[in-house]
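The letters A, B, C and D name the chains in turn, as written, and every chain counts its residues from 1.
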Amino acid sequence: MVRVVEGEGTDRIEAISDGVFAIVLTLLVLQFEVPTVPPAQADSQLPSQLLEFQSLLFSYLLSFFAVGLYWVIHQNIFQQIEHHDRILLYLNLLFLLTISFLPFPTELVGTYSTRLTWGLYATNFALVGVTMTATWWYAARRGFTTEEISTHDAWLISLRGLTAPAVFLFSMLVSVVSLNLAYWTPLLIVPLQVWWVRRYRSLQDEL
Amino acid sequence: MVRVVEGEGTDRIEAISDGVFAIVLTLLVLQFEVPTVPPAQADSQLPSQLLEFQSLLFSYLLSFFAVGLYWVIHQNIFQQIEHHDRILLYLNLLFLLTISFLPFPTELVGTYSTRLTWGLYATNFALVGVTMTATWWYAARRGFTTEEISTHDAWLISLRGLTAPAVFLFSMLVSVVSLNLAYWTPLLIVPLQVWWVRRYRSLQDEL
Amino acid sequence: MVRVVEGEGTDRIEAISDGVFAIVLTLLVLQFEVPTVPPAQADSQLPSQLLEFQSLLFSYLLSFFAVGLYWVIHQNIFQQIEHHDRILLYLNLLFLLTISFLPFPTELVGTYSTRLTWGLYATNFALVGVTMTATWWYAARRGFTTEEISTHDAWLISLRGLTAPAVFLFSMLVSVVSLNLAYWTPLLIVPLQVWWVRRYRSLQDEL
Amino acid sequence: MVRVVEGEGTDRIEAISDGVFAIVLTLLVLQFEVPTVPPAQADSQLPSQLLEFQSLLFSYLLSFFAVGLYWVIHQNIFQQIEHHDRILLYLNLLFLLTISFLPFPTELVGTYSTRLTWGLYATNFALVGVTMTATWWYAARRGFTTEEISTHDAWLISLRGLTAPAVFLFSMLVSVVSLNLAYWTPLLIVPLQVWWVRRYRSLQDEL
């Protein structure tokens, strides 16, 4: 009998995901276009032209590390998952959709600094986190993980995945007050992740 | 003796295929180009400019999920295949040709809404399904699969692969009546796939 | 002790090579740019615009299958190789350089039909074959293969790798007489490969 | 219990890294744009247009081989590493950031020959080497390697990683005297690497 879609292993899920991650990380640089200046004036005009890339560089670095963060979480989560069914494949594809769309809002917000462009950017990242967490939640509840995961643990790990979406949505509120402040809001993810990891470990040690 | 092309395993077939799938899924976003508006008017002019991406977004999402669907089928089929010969390699390359060409008709139909562009788009997707099914059919008939597959089963699984091409060709007929209706026709693939999976399972259970 | 570069296995050589192959196969489509016509006249003007892609389509298909052919040979050769040293890594990188450069001459010859552009295209493909064969020859002579390969066999397999370069160089001569004929010359590779495989097998059977 | 980020194996670190390496190697060719000349004058005007790609070709080849060199070092180093923690993942991402940014300064220096563009290019490559060495140093000191590595050996291997950054920083000094000389300075990396490998081996043999 030929199995339909259900199956052991997640090798190819990880392969296509790593492919999409690697391409997105690398495509982001394509938004930097070599400026056009007369070759004879390159020495004098290029420096100011390159300085204009500042805000693009900011959104580039932010996207790179946010995508990197999700890669770290994705590879951590899929170390636990050893089975899959059709729904898991499609949930992961939904996640990859949100990841692969990122270069567009990244360039948009790097080119035009408005509440609208930041809103699109933050929404895209929020969807990344939500679809990633849905993928994990589904796998955990269906028992696709190497060890059985208690509802409590599944919740805790889902919470980690929802930290970043919450911060990005919060940054949209911040942008109403100050757009500049909104740009720096995602840095909150770093201490929140560190705090989560410590909290998770201490909870595990108690058991 | 050095074997010529025949061989165990399909690791590298899967690797190059996952690579092509991942790149196509990610390249699709490149058709969204950041609009050019005067920075000072970004707030007022950008919203309407972004709304114009509507039809591009539609063809983008349709392509993403259709490619995703084929990835799901490809990885399911290659879980069954454990040998290969030169012809299988070339059939798979033919399939990858049709997959890797998709970004062009996707952008075309997203930019110009005509019967011709939809026809090219639907034809490309039909070819994707036909070459994929040919690959599977060849592998099944040559006995490259993990378990021997009866002609009956090989037919059933080939039928699944031909569902999408049939729907896309049907959508070309629909486009003669109404182009808008044609755009939504591919959604028929979803219930047809679900129906097929149920039917396949009940047939297996009878044995 | 930490080994320097020499090592077992060729997993990552194959991984980076499959990556480059997959990207080149997929990037080739980027040379098709959606033509710009007034939306209202899309119905009437698009067909003739799309017909102009004819020669680009030709060079696209030729490149796709030539790259595909080299992927088939590459994966066949690396099934035999199980060790590597630094020189093998660099020879393979030299091969990847020639593969990854292909999209440029492909678009060039697809845009301008001249003896010069065909010469560049054919030279690039000749270098692909030469560097691939050098990689194989080095691995075989250094004893990196799974089974010891006789000088005779190593020569035979090198000959296969040199078929395509010879045909491409020959096509440059043909282009002096007729450019159109030169475009079709690479098709000679197909019967030559088939002939080689048969010849190789009959030679093996004699032993 | 679900492990948080720490874990056995470096498969996916290598997968995403090979992906980024492969894409950067292949994206570099995108800076060559087919020149626009009237089709009728292609024969006469194309040769001179193509000759203008000379300096772009130089920076292309330099980047290709420098990235290739780092891939060789990366795959050598990760053959030794068998565990990872969160910090190693982020150090490797930092390294991938510097690798994936390369296409921009490569095109920049290939288009405009100034001390500034060379400075940016050399700085980028210096950062590649520094982040790669930091990744290795961290893994070695944390005991993530297959065999325990003495502080002495860890230093020696770190020195290798720092050769290229040192040469690139030196080339920035050279560019003050002569920009042309600076372009050729990176070739110093080749004899320095060869010398290092010999020295490393003789030191190992003494033990």
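Note that in this section a contact is a pair of C-beta atoms (placed from the backbone, for glycine too) under 8 Å apart; a residue touches a chain by one contact, two chains touch by 3 or more.
Note that this is a predicted model, so its numbers are computed, not measured.
Taking each chain's centre as the mean of its C-alpha atoms, the one that lies farthest from the centre of chain B is D. Mostly differing positions are employed by chain B and chain C in their mutual contact, as under half of the interface residue numbers are shared between these two copies.
If you average the CA atoms of chain B and of chain C, the two centres end up 26 Å from each other. Rounded to whole angstrom units, the spacing between the C-alpha centres of chain A and chain C is 36. Counting partner chains per residue, chain A shows two or more touched chains at residues 15, 18-19, 22-23, 27, 30.
The part of chain A that touches chain B in the complex is made up of residues 1-5, 7, 12, 15-16, 18-20, 22-24, 27, 30, 86, 89-90, 93, 96-97, 100-104, 107-108, 111-117, 120. Against chain D, in their complex, chain A makes its touches with residues 14-15, 18-19, 21-23, 25-30, 32, 34, 37, 39, 42-43, 46-47, 50, 61, 64-65, 68, 71-72, 75-76, 79-80, 145, 147, 149, 153, 157, 197, 200-201, 204, 207.
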